[in-house]
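The same chain A turns up in both complexes below, where it pairs with chain B and then with chain C.
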Partner chain A sequence: MNPKTLSLPETGTVRPVTLRLQDRLAAQLPKLVLAPTVIVTLVAVYGYMIWTGLLSLTSSRILPVWKFIGTEQYGKLLENDRWGVAVENLIIFGGLFILICLVLGVLMAILLDQKIRAEGALRTIYLYPMAISFIVTGTAWKWLLNPGLGLQKTLRDWGFEGFTFDWLVNPDRVVYCLVIAAVWQSSGFVMALFLAGLRGADQEMIKAAQLDGASMPMIYRRIILPSLKPVFFSAFVILSHIAIKSFDLVAALTGGGPGYASDLPATFMYQHAFTRGQMGLGAASAMLMLGGVLAILVPYLYSELRSKKNG
Partner chain B sequence: MVKPQQTLNQQLLRYGLYAILALAALVYLLPLWVMLLTSLKDVEEIRTGTLLSLPASINFDAWGKAWSGACTGSTCEGIAPFFGNSFQIVIPAVLISTLVGSLNGYVLSLWKFRGSEILFGAMLVGCFIPFQVILLPMARMLATLGLANTTTGLVAVHVTYGIAFTTLFFRNFYVGLPKELIAAARLDGAGFFFIFRRVVLPLSTPIIVVCVIWQFTQIWNDFLFGVVFSGADTQPVTVALNNLVNTSFGGKEYNVDMAAALMAALPTLLVYVLAGKYFVRGLTAGAVKG
Partner chain C sequence: MKTLKTCLSGIALSVACAGASAGEVEVLHYWTSGGEAAAVNVLKQQMEAAGHTWTDFAVAGGGGESAMTVLKSRAVSGNPPSAAQIKGLDIQEWGELGFLSSLDDVAAAGEWDSLLPAVVSDVMKYDGHYVAVPVNVHRVNWLWANPEVFRKAGAEIPTTWEQMIEVGPKLKAAGIIPLAHGGQAWQDATTFEAIALAEGADFYRKAFVEHDEATLQGETMIKVLSTFKQLRELIDADSSGRDWNVATSMVINGQAAMQIMGDWAKGEFTAAGKTPGTDYVCMPAPGTADMFTFNIDSLAMFTQSEDNRQQAQHELAKMVMEPKFQETFNLNKGSIPARQGMDRTPFDACALASMDDFTQSAEKNSLVPSMAHGMSTSSRVQGAIYDVVTNYFNSSDITAEQAAEKLARAVNASL
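Up next is the complex of A and B:
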């Protein structure tokens, strides 16, 4: 027992000290509440990114092996024919998916913006696929596009004997099946985004243009659509994000087949990392996917955060 | 944009407009309608009829089999057990991620500190990374923690990557709350949690609804985490459905496939029909547009 600590209460400093401690604790409370999320993010987002990055530099196959071999896996990846097909598919699939969704979304939003009766019901119908998982979407379209029993058979039974629609089993066409199903799933969402944008358009300006004798198509082209640039931008980012992530749709609709004709980078990564015992290669493909997403995202987030600061 | 005095031309234009919109609605509804028709037919009818031919009689045999008898990979108990798994994953994951998100959003909007904006930006990255980049380390980590192939493990994964979204939702919502309200409460000596419980939370109902719907849909519809991190008997319904559709012994039972797909879609469709307004709001909030 140290006499010094015993004498502390007599000086009357204990209460203030603990109070100050409490105050300090209270001041730190917001940070403490945020801390778990910060730690989880640091570990499970940034830490894992680095982990995967390091893994991609190793010769790991079924189990991680920390033997570094430089960028050999990336070299192998770029020479891998299957990866080439996956990237090419992503460019075709992503490009068409984004383009068609944007065009359909804008068109449908403009049509719905004409003071339509039953607008609510129509909107609900256009948007419902977004509530459904890609696995269900894939299952449904696999059935519709099935040459033996689906649309092809139906049209033939209706008398169009020569009608052929076998894209699902045709290696050169199967990627377009992914586009069809994905557009069905997501175009209504783009429509909803644009409809919201149209409703926010500057009514004064539109009235002024109308008084000047401008026709409605002209007003849409010259005034309303240009004002929707931010919506285009957001929609583009979201759609490209959906495209790069697409994994479920391929799994359910084509299984990557025939052969590997409808592989996308996401399915390539899963195959190599989890079922083919090529962990290093899978990690390298994941890193390239990350690079692709960041290339689109960083400029977007930058402009988004900057505009919020200015606004 | 329609003038009261309509010419014949304008009226025709209007009919055309409605025709196009109705046609589009039919196209969007077609897959659902075909799924429903197919699920009510028997295999023979499917082979002889067309996609759009009506079933001779309505029978729910395929639904019964999909629910409790169809083979999904290793077992033949239908999708019922996996349907249950999905709920076991979704409910805790939604509750935890919503609660954490609301606390985070509260701090990041009303108790900002130096560097908190940067932390917020850093967290947002979690909304956008392709999950392929975290799959391998996460699998390793779950194994180390003894959570591999468990429902708890899947809940943890969904919470981890859901927090980015929920934080974003709540932060953007709370930024819009009147600052005076909080300032007054603080002057009265109310503390951090007291203000949260008594002032902020009662105002949060709209954003909680949006957040819960968004998380519910995301987690229910997840396939990637399910297929990578679940075991044979902890699979969510999406994984079971995919197994059911893609593995078949003997003849393919499309009616059972379609019934199972409809069942897997039912919970989120129901949410959408009942709370569509909030669903759309969640979608647009997820688009980093406050």
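Up next is the complex of A and C:
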């Protein structure tokens, strides 16, 4: 006992010093490691947001020129036919894309949840499109949907002479082609999100419901799906981001055409700011897109933060 | 490690040597396709033979969109290249921003004023001073046709727009697409401006150079627009988004009968081993026989801080205008020299016809800048015209009258 108690103060006098240094380092380490990221984010995300906002108030053309003209660029933008088409397209595309993705994702997740054989393989198949870049998706669907090359031609060659599917070259329908390709890409991801949620559902409650004589559809409708509200919300936020920033899909699938019938705000912004020498107008359109994102994000963050406080 | 060191010092030494003896030119361009790259290589060799260092700054992407993005970032950071491939009225925009340096000494010594038609030299000048040097002249209002296909269908190659619309059903009956076209905004605009040109150079200039509102929404414009819409019938359903060279290959292999495209299309025919006159025919676009819409590639010179770099830059400008470069470059590119009075022997029939029409139309005052290729107007106004034209061409619910009105409104809004 004695040597131990004797040795303790000895080490005790040395260790607290080293410990304190280590402790201090350990306490500062996360901050040190995160500092560069925070600085880069502050500059490259928030700094440039402010910069773009200022730019949208100037008369900048091919290069930034700090000659302020008020909100003139926004006025021009709202009068621009093409911007109108782009916003309208975004509403159609975004609405359908989010809705179909959610419905399909939930359905696929429920079906996969039935303890079937080869579930892992099926899940991989559904999820895999997410691993592919939108450029590849767009190019592949461009070939599939091209009337003279893909689906229409194949079915006509098989003997269905009257079969017509020319949405890709039809200005009134082309936006639905974007929906098809985007849904194909993202619904597997939504399925994976919901599947994880379903697996986390309270089995006791389900068993209790079964004992009470509830049917499986009833259990899904009344118990499991309502408990997946947070999953539903995350999926919605992620999907709406994908919809608003969609650029590569349009670039690869339709190039904004025919004409500018399949333009989205992101392609509009790129073209005006970088290739047409209308940087001010492009910046204004970027700010309106930011507004769109915030309109979704702020209520989401608000509800998230509030629920955490309450919980 | 040792080899790395020697390498590094070697590089440092060679840079130092080059810096001492002569200057360096850095040229930003988007001449990256086969023929174009060969053409620009000629200039590189000549510069190096004169003892200068050539830094090639090629940015891929046919329309030069990515090249312009790179150029902007370089210019903003205060480090612009010596020369950049900038076209048309965008030269004026860069001049206005104060980036370009005067070439008046070189121009005076080389007598550029007498070698270039006034319409060309005007584009090269900002505020009365030369700031850019032209490398070639493209004619845009060309009609490319496959005579074999016309023989098969028993039809004549049209010389007016009415004839072209009439010949459509005959070609279609023979299973041929009458007009090869790519549904991209600039290709729509290229066809549109050719139809507008058939209404006369004065009308064209009023609409696309002076942007006269009455002309833009007048009767003649409505007529042009409805002719343009009728051409839609001659084009196959899959044209949306098709590249121009794919459309050209449709004419080459007889799938389509005609294409309206600038003389860069000749490069595709040449590459496919076809000879002008027999395998393919080049004619002025219908109704524009003695007129000429030009599209000029040029190198604009950016202000350099170092003296020796500036000297090298002036040397470059001088060389670009010399007959040797103009000949080799344009033989490779399919265009014609911007410099007048050159030796004609090496050029083919299409290029010779183009040269004749260029000089004649300059005399007759029917030489006009191409709207579709950014010669007559800035990229802002051009974009506004593109939007209206391509939207009208592709949608079924806009009348020619409405389109004309939209055209006038869009141009006004972007001025």
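Operating definition for what follows: the second predicted complex is superposed on the first by the 270 of 311 C-alpha atoms of A that agree within 3 Å, B and C clash if a C-alpha of one lies under 4 Å from a C-alpha of the other, contacts with A are read in each partner's own complex, and residues count from 1 in each chain.
Note that in this section contacts are C-beta pairs under 8 Å (C-beta built on N, C-alpha and C of every residue); 3 or more make two chains touch, one makes a residue touch a chain.
Bear in mind the structure is a predicted one, so any value in this text is a computation, not a measurement.
After overlaying the two complexes on the shared chain, residue contacts for A:255 are found with chain B and with chain C alike.
By the touch criterion defined above, A:241 lies against chain B but remains apart from chain C after alignment on the C-alpha atoms of chain A.
Within the superposed three-chain model, A:76 lies in touch with chain C and out of touch with chain B [touch as defined at top].
In the overlay built on the shared chain, the residue A:37 is in contact with chain B alone; chain C does not reach it. Among chain B and chain C, the chain that touches a larger number of residues in chain A is B.
By the touch criterion defined above, A:61 reaches chain C but does not reach chain B. Once the two complexes are overlaid on the shared chain, A:211 sits clear of chain B and of chain C alike.
When the two complexes are overlaid on their common chain A, residue A:276 makes contact with chain C while staying clear of chain B. Touched by chain B in one complex and by chain C in the other are residues 64, 142, 149, 255, 274 of chain A.
Contact residues of chain C toward chain A in the complex are 63, 65, 68-69, 72, 75-76, 90, 93-94, 97, 183-185, 188, 236-241, 378-380, 382-383, 387, 390-396, 406, 410, 413-414.
Across the complex, chain A meets chain B through its residues 26, 29-31, 33-34, 36-38, 40-41, 44-49, 51-52, 55, 64, 108, 111-116, 122, 124-137, 139-144, 149-151, 153-154, 157-158, 184, 188-189, 192-193, 196, 216, 234-235, 237-238, 241, 244-245, 247-248, 251-252, 255, 265-266, 269-270, 273-274, 279, 282-283, 285-287, 289-290, 292-293, 297, 301, 304-305. Against chain C, in their complex, chain A makes its touches with residues 61-65, 76, 79-82, 142, 146-149, 166, 168-169, 171-172, 254-255, 257-261, 271-272, 274-278.
On the side of chain B, the complex with chain A involves touching residues 1-2, 17-18, 20-21, 24-25, 27-32, 34-35, 38, 46-47, 50-52, 100, 103-104, 106-108, 111, 113, 116, 119, 121-126, 128-138, 140-141, 160-161, 163-164, 167, 191-193, 217, 220-224, 227-228, 238, 241-242, 245-246, 254, 257-258, 261-262, 264-265, 268-269, 271-273, 276, 279-280, 283-284, 286-289.
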